Structures are given as structure tokens and as C-alpha cells.
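Some structures are shown below for you to check.
Here come two complexes built around chain A, the first alongside chain B, the second alongside chain C.
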Partner chain A sequence: MDDSTKHILQRLMRRIPSQMLQTMLGKWAHLSREDLHSLDFTQPKWVLTEHLLALCEENGLRVKHITELEMIYIIENPNQGMWHGFQLLDAEEDAPSIELTQFKEQFKANLTELISHVSIKIKKHTDEAIWIRVAWGDNFTKPYHLKPTYVVHHLQTPYVFVTGLTSKYKPLLNQTEFCHTGLSSGHKIWLYEGRSPQWTEPHRHQRPSDEAVPTDPNIEKEQAENTENRLQMACEAFGDGTLPQLQKAVYKLETKFRDNSNKTLTGREEPFRGVVEFASTNLLESLRHCVSSGMASTPVTPLLSSITQKGRNYFVITDKGV
Partner chain B sequence: MMLYLTTFPYQDSSCIMGKREVQIHFLTLPVLFFSVMEERKSTEETPRNNALAQRRSKSYRQSMRSCVEATHLTYTSGLLTALRIPRSRKAPKSCDITKQVDPDQVALLVKKEWQLSYVTPLYQFRHTQLKSYSKQLSAFMVSEKQQGLAIEVGQELGFKVNFSVVLGLAETDKDAETVFIQILSKQVFSAKDAAPKVVWSGWLTCVNGDLDYLRSLPLEFVSLPLFCTRGPESLTVLVKTWFEKTFDCCFGPLGINSTNLQWLASLWTGCHPTINIQYLKLVWTLPTLPPMDVTYTVHPQDAWELWDSMRQVDTTEDSISIDEVTGFIKGLQSHFFRHFRIDLSAGSLMQISTALGSSHHSGKIKIASPNYIPTILQLLTECALLKMPI
Partner chain C sequence: MSLLKPFSKLPGLNTANILLVENEEQFQQKLADTVVLQEKTVNVNVRLARSLPLPMENEESRPRIDLVVFIIHLTSELSFQSAETSLKYLDPGYFQGKVCFLVTSARNVSVPPERLVSVRKLAASLHCPLLCAEDQTTEGVTTAAHRLLAILKVAAGLVPMATGLYLSTLTRCTVPSDIDQQNFE
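Moving on to the complex of A and B:
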């Protein structure tokens, strides 16, 4: 094992928390049972790392095996980096779905055509998602394994999530075909940015669940009906229960200024240009609270409810509509 | 002082003092009354996170005592309060500041973000003693470090302090000249003859301060109410402690409230015809759970046209009134409301920025263009004077 491989393994060992090590190495399945038993997980991590390095040398393990371990770790713990979600357009409904092996070959072939030194690993996780790990090199250097890009494509959905992709390699990934179910990755809309590579459609309930708060018969809430209505509209627009973690929504406004109190500007032909950005640790949660507490007037404007309905967070608003 | 002698003959047996005692009472009547200066009340809206220490420095208190005792703090005439907070300002005129101030010194002030504080008047501060102050402050810092109080990374070999005067920023003859302070230090592993680097800088200034207030100050006091700092917090604390010890003054944090942010936004937008502001960005924070930030970036030409439409025909070119400012911001808010049906006044304006500068609610200011320095500093001096405890 050369130095760079050792370095990759050492870095990986530092990343994986001690309590998960045993399960990870078990899943990895590149070490024999005796080897696994010989590792003492109560020792400090650096001692363990040295021992593991020795075992890997003995077994003649190489970079591709180490990267497998990394992939297992990332799949189990995806909530570490920032994931950017995309929605693939032009989904052809009757496109025949292709075999996974065929997809793997096509993807690898496509990407290696564009850039000769890449290391690609594709894995199907349960039945729901395809995980792809790409380590980038260029025409002269070997792939750099310390900053890989991970791509997750949830089958049966048009959503793709990417993490660790620098702008240098973005166009290359864009050009490769996601041939599975005929989706073209050339037309992507930036959907979302968050900690987990999942986009769940928020549920739409007609009525929010009743709170189990014991109410004193002598207390009458004056605004009960209004509060109830607002809460209902908020849930209709944004969903009930736990919401996906969206962090930002951007609206580019190109509408005309129309304010009755301002005669001068109202007559203007040109749009009043501006960009509005909403940001929060959990944006949908904030917006829902905004509506239910009355900061936003009901009915909820279609501009805001479009986030969940259309599954997008970047909009251009013109006088004609969204 | 007048002395009153009284004698009380005690002949009661129950009394403690059995024999004749003479008790002398002193009554002090202040003979001198300072002319009643305009009552200073910092009664603009109390900032929400106001942790004002109401402690007044001793000498300041003693000098002001006569005035304060003569008037009552409970006497608040609405009219007086209204006079304190300006309802109109002069429109900023682009001026070539380098004609008044040395361009190298201007470069020290612009394009950097400063944290603001206010400071009460300095007792017996002399602009002629700056060299001595430099030595005193650096000796103070060394002694504090030796005591283990300075929480600084111990890589520096020693501090060199530099006090200097920035001439030309003062607008009236009552404004004291601006004082600029730099702390330099050499890194342990730097080359032998490498120049020491500036690790901290700060400046005290007063631009167009309220004339009545400045005239009422006793002669030993110098008022430089605005203190701008940039650098590690531990050094800022050291400098403030030294000032407090040496000049018997008192520092406090200066935030920029929503009204002043709106003033700054309007003043800067108004400059667009002369110098391209490139964008007008306003950031509100709404109190949702979790809190949400709304950033509205307006195209500069459109922002300027909205501002221009607010400028009433009958006001003079020169002055801007608060109504125009609030109208401008309300216009932006209503355009926002038309789209999102969210009322931005439910939140608070936290930050505004243009290419000419930016400002944050927590008391940060960055002036990017030197041409409008006097206007901005005047607004900030005013904030500092209003925030100071009497």
C-alpha cells in the first residue's frame, strides 16, 4: 500500500466516530472474521488505525477497497455535508427502464469520455436509491480521493442530490446522461439545499390534528376561529408534521410597481426590479409559522405555496405569473 | 458655605448627653448655578437589548450635579424630546474629503468594518499629550499581560501604540479633533527587520455634535462620543479600561436602530445620481420559529426612482424629512407585501447595504466611499450623544 492510500485510510478513520467503527468494518467485509476479531475496539483510535493499516497491507487492499468503506459510511450517515437537490426535467413517461448494470456502464463510459482520470463507484442502496461516488482527476493526474463527489438518485422520483461538487466539475457531471428511465440531466432546476439527500413531499392534510391540551371550560379564546383557519391554511400550503429541511428560497421580481398612494411610480412601464431571498435553518417551518401566527395574511399567496407544490426554490416572478 | 451655630441646652435626665453640648450644623448651598442647559434625555425608543450601565463617572457627576439637581428628570416636555431627535437632515453632498483630510488617513477609515460604541466626555484629555498617551497605553497593556489578564495569543513580542490626530473631520469649532489609535505588534516568527503589523485600530470622533450640549460642557472635558473599533475584542477591552481609568469616562455599546438604518438607506439611495450605489440591500429578521431572514435587494435605479417620488415638491433641495424616509421604506414594504402578503414590519430591519457602505443593527458600520463620510459620521455622532447616559 503506497503512502497516499495509507493517508486516505487514516483520514477516513479520523472521520468515522469510534462507536460506529465496528459496524462499519463489519459491513465492509474485506477483512476476514479472524482479522476483525483481532482488532481491539477499546484501544484509542490511533492504535486501532495502525493495526488496521497493517491488516490492510497483509490483505493487499487497495484504494478502491478503502473508498468502498467511505461509501458505506456516507450512505449510513448522509447528514454531514451540504446536499444540493435537483429535479430532472423532460421525464419521458414511457421510456423503458434499463438494467442497473447497463446504467453503470453507460454512466462510467460517458464520464470517462469527458475526463480520462476519474474513479467511479456506483452502488444501489436497498431498492430506493443509487449512490454514485466520483473522485476527480484530470488528464495528467490520478483521481484525488480526499474530496469526492457523491450523487444520490432516488429511483422512481425525478430528484437527484449532489454533495461535494466544485464548480470546476459541475459541467462535466451535467453532461453525463442519467439514462435511467430516460431522464435527461441536461435540464436541471436547482431544487433545494440542505443537510439530507431527501426530498419528501410534505403531507397535505385537510385538518391539522387536534392538540391534546386540556382546555378549561371557563376559558374562551376570542380569536379561536381565526387562529384555527390560519393554522389550517398554513398546513395546507406547507404541509403537516415534520417538513423537509429547506434553507433558502429566492424570488426574482420583475413586476411593475403598483401602490395606490404613490402616483408617480405606479404609472411606470418598466418593472420594479429586485431579488428577494428568504433564509432560515428550516424555511418551510418558518413560513408555516409565519402564516399560522398571522404575520402573513391568508390566503397564502401562490408565490410561497409554490415552493412545496412545484418542488422548487428559485422563481422568476413577472406580471404574467410565476 | 454658611455656618449655622445652634446650641441646645439639654437638661433632661433621660437624655444621653448630660451636659451642654454645642452642635454645629453645616449647610451647603451651591452658590453658583450653571445656566440651565437643555435637558438631555435619551428618550428615543429604548433599544430592546439595552444593557446600559447607568453608572456615571465621578468627576462628571460632580460637575453636572448642580445642573441636574436644579432640573428634574421627571420633567419631560414632549416638545423638548421632539427637538432632540432630528426630523430632518441635510441631504448629503458629495464632497472631496481629501481636500480637508490627508488621503492616507482617509484610507485608514474607509472600506473597513467598524464596531461602534459611545463614550462619555473625557476628563482632561489633551490633544497635545498624544505621545505620552501612547507610552502609557502600551505600558498598561504590558502590565495587564504580565498580570495574566490579557487573553491574547501569546505570540506577540510586545505592543507598540500609536496615537495620532486626524485633522479635518471636525465640522464646527466645537467639535474636537478626531483621534486615531493603532496597536502594532511584531510576530514572534517574523523576520528581524519586518515592520510590525497593525493588530487593532480605533478612533474617537465628534462630527457636528449638538452645539448646545457641547457648549454646556465644562472646560476640562473633551467630548468625542463616537468610538469605532476594529480588531480582537480583548484588545478593545484593554483600551477601554485604560481610557476609563485615565479619563474617568464610561463606554457602552452603540447599536443602530431601525430608524437610523432607514435614514442611512435613504441617504445612500439619494446619492445614486452622483455615484452609482449598484444595489440597495435591506435585511429584515422575522420572529418566526425558527427565525427567518428576508433579504430584499433592489435595483439601484428603481430604488432611486422610488426615493425620488417620495421627495415632496415643497421641501427644499437640501433637507430630507423623516416622513420621506419612512415613506420610502413603506413603499418597498408594500411592494413586498403585494407579492408575498407578509408584513415586514412584523420583523425588524437588521442590516442595510449599498456599494457606498453598509450598516448593521448591532452597531457595525462600513463606509466604502470617502465622499460621504461627514454625513454618516454626523448621524452616528448624534446616535452616540443620544445614547449616552446623562
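Moving on to the complex of A and C:
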């Protein structure tokens, strides 16, 4: 094994937390049972890494095996990086569904046509999603494995999630993807930015069931009805129970500027371009709290409720609406 | 206008009623629980509201309110404005010892000092006491509840030889004339 391969393995070992190490190596299945047993997982991690390096050398494992291990780790723990979600448009109704092996070949062929040194790994995880790992290289350099891009495509849906993609390689990925299922990859709308490559279907929520909160009979609320109404509206707009952890909502404005106190900007023909971004550790939870505590006026404005209704967090607002 | 009147109903025997008005509806619940737990000798009823005027539907069942406390969080301008607008719905009879202002986060560095100054001026103009409370710790809540109970018992007439008006002349907020200058010399 050459130095760069060793380096990749060392970096990977540092990344995987000690508790998960044993399961990951078990799933990897490139080490024989005896080898796996010989590893002592109670030792400090650096000792384990040395031992593992030695075993890999013995077995003649190469970069592609190590990237498999990385892929297993990322599939189990997708919440590490920031995922960007896209929706592919122009899906033809009766597009022939294509076999996985054929897709793999096509994808690899397409991408290697564009850029000769890429390392691609495609894996089907359960029945719903295809995971693709791409390590980018140049026309002259070997693929760089320390900053790979992961793409998750949920089958039967037009949704694709990407993480770790720099703008340099974005157009390349755009051109190759998914031309097989009739989904035009040139038209993608950016929907979502968050911690997990998952899709939660947006749905309308019911009124929460009345919980019996034990209150002292001496304490009485004067305006209980108002509070109830607000709570109900908040739950209708944002749902009950735990919400998906969204970090941002971005609204791109393309509306005309309207403010009577500022004469220079009002009354121009072209729209005033601006971007409004709401960022928080848990955006939906805070919006729900704003509505239920009365900070945001009810009924809930469609600007906010459309986050859950339409299931997106990137909107373009024109004068006609969201 | 539906004013809240102090003397339009008969008092209950050994009972005191307090109304906590707070725009954010956070601190009032904790305070209410503590007040009810602390007081053993007198029957204390706590009513919670977000703002005045109070809904007409409760008019019949509502007992006579002995003390109205406005809880103002200095961290929010809206809190102060909501309290100011609610004041209009109180009968003037309340301002003779039956109204109290409770302020939180007075020590907070990020709070603009002008806000506390305006609250003080408001309390002074109405001859009401101004209490500062710490709402983040249990000791703070307990202390605030203790002080409110002391004022409540006087306002409800349960302390002999003391009336709300008498107490308020001693405890009312005053504003020194140079408060706008904020000198530290």
C-alpha cells in the first residue's frame, strides 16, 4: 500500500468514532474472521489503526476497498455534512425504468467521458436509494479521495441529495446525472439544505389532542381561548410532535420595492433583488413557537407555512406570490 | 370601555386575588405556581392574562381582583408597549395601591438602559411600586413571589392597620430628577 492510501485509511479511522468501529469493520467484510478477531477494540485508537494498517497490507487491500469502508460509514451516519436537495424536473410519465447495472455503467461512462480521472462507487441501499460516491481528479492528476462528493438519489422520486460538491465540479455532475430515466438533469430546482438526505412528505396536520395539563384550581387563565386558538393554528401550520431539523429557509425576492419613505428606490420598474435568510438550529420548532406564543400574527402567513406545506426551504417570491 | 373595577364586587373571606398580566406568558406561570405553594394561611387565587381588557365571558365568574401586577421583560420593547396599552383598561381606583410593576432582566447588559428609565417614569407617574425580579432561577422566582404576596395581603385588606394606599406611599417608585443624565461621577 502506498503512502497516500495509508493516509486515507488513517484519516478515515480518525473520523469513525470508536464505538462504531467494530460494526463498521464487520460490515466491510474485507477482513477475514480471524483477522477481525485479532483486533483488540479496547486498545487506544492509534494502536488499532496501526494494527489495521498492517492487516490491510497483508491482505493487499487498495484504495477502492478503503473507500468502500468510508461509504459504509457515511451511509450509516449521514448527518455529518450539509446536504443540498434538488428536484429533477421534466420527468416523463412513462420513462422506462432502467436496471441498476445498466445505470451504473451509463453513469460511469458519462462521467469518465467528461473528466478522465474520477473514482466512482455506486451502491444500492435498501430498496429506496442509490448512493454514489465520486472522488474528483483532473485530466492529469489522480482522484483526490479526501474530499469526495456523495449523491443520494431516492428511486421513484425526482429528488436528489448532494453533499460535498464544490462549484468547480457542479456542472460536470449536472451533465451526467440521470439522463437514463428521462429526468432532465439540466433543470434542477434547489429545494433544501439540511443535515440529512431524507425526504419527509409534506402533509396537513390535525389539531393536537387536548392534553390534560395538571393545573392548580387556584390558578386560572383569563384568555385561555386565545391561547388555544394560537396553539391550534401553529399546529395546523407546522404540525405536532417533533419536526424535521431544518437549519435555514431562504427566500429570494423578486418583488418591487415598496416604501413610501424612500423615494429613490420606490417606483422603479425592475424588481428589487434581495435574499432573506432565516437561520436557526431548529427553524421549524422556533417558527412554531413564534406562532403559538403570539409573536407572529395569526393566521399564519403563507410565507412561513409553505415551508412545511410545499416541503421546501428555498423559495422565490414574486409579486404574484410564493 | 370595559374597565376593570376594584370595588364592584364583594371580597371573599380570607381570600386574596391577584392578576398577573404578561405579554409573553412565560414567567407568570412559574410565579403563579410558586405563589400558590408559598401561601398557606390565606386562600390565594391567581388569574393569568396576556393583556387587558379581559374577556367579557369571564366577568361573572371572576372574583374581585385585589392586586394587578404588570410583568415587563426589559429585553423586549413589545412587552413594555403591551403593558402600557393594557393600563388604559384599569379603573383609576386601582392606582391607589392595587397596581404593581414587576420588571425582569434589569441587570442584563444587552438591555438598553432607556427602557428601564421609561418604566420607572411610568411607575412613578402612577404612584405604583416597581419591583425587580430574577426569573431564571428558582430563588429569584421564590423571592419575587414572596414580595408580591406581601403587597397582595395588604392590598386585600388582610393585614390590620395597613391599606394599599398607605403602603403605596411608602413603596412607590420615584425617579430622581437627573435620571436622564446617567452620570457616574
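Going forward, the second predicted complex is superposed on the first by the 286 of 322 C-alpha atoms of A that agree within 3 Å, B and C clash if a C-alpha of one lies under 4 Å from a C-alpha of the other, contacts with A are read in each partner's own complex, and residues count from 1 in each chain.
By our rule, a contact is a pair of C-beta atoms (placed from the backbone, for glycine too) under 8 Å apart; a residue touches a chain by one contact, two chains touch by 3 or more.
The shown structure was predicted, so the numbers you read here are calculated from the model rather than taken from an experiment.
Asker: Look at A:77 in the shared chain and tell me whether it touches chain B only, chain C only, both, or neither; answer first, second, both or neither.
Answerer: A:77 sits against neither chain B nor chain C.
Asker: Mind working out whether A:220 is in touch with chain B, chain C, both or neither, as first, second, both or neither?
Answerer: second
Asker: Going by the contact rule stated at the top, is it chain B or chain C that touches a larger number of residues on chain A?
Answerer: Here the partner covering more residues of chain A is B.
Asker: Could you look at A:293 and tell me whether it touches chain B, chain C, both or neither (first, second, both, neither)?
Answerer: both
Asker: If we overlay the two complexes on their shared chain A, which of chain B and chain C does A:102 touch? Say first, second, both or neither.
Answerer: A:102: touches no partner chain.
Asker: Contact-wise, after the overlay, does A:4 reach chain B, chain C, both or neither (first, second, both, neither)?
Answerer: After superposing on A, A:4 lies clear of both chain B and chain C.
Asker: Once chain A of both complexes is superposed, is A:262 in touch with chain B (first), chain C (second), both, or neither?
Answerer: In the superposed model, A:262 contacts chain B only, not chain C.
Asker: Of the partners chain B and chain C, which touch A:283 in the superposed model: first, second, both, neither?
Answerer: first
Asker: Which residues would you name on chain A as touching chain B in one complex and chain C in the other?
Answerer: 293
Asker: Taking the touch rule as given, give the residues of chain C at its contact with chain A in the complex, in rising order.
Answerer: Touching chain A: residues 19, 23-26, 32-33, 36, 43-51, 54-55, 58, 62 of chain C.
Asker: Can you name the residues of chain B that touch chain A in the complex?
Answerer: Interface residues on the chain B side: 286, 288-299, 302, 305-306, 308-310, 331, 334-336, 338-343, 346-347.
Asker: Provide the residue numbers of chain A that touch chain B in the complex, in ascending order.
Answerer: Touch list, chain A to chain B: 251, 253, 255, 257-259, 261-262, 264-265, 268, 270, 272-283, 285-287, 289-290, 293, 295-298, 300-301, 303-304, 317.
Asker: Which chain A residues qualify as touching chain C in the complex?
Answerer: 216, 218-223, 225-227, 293-294
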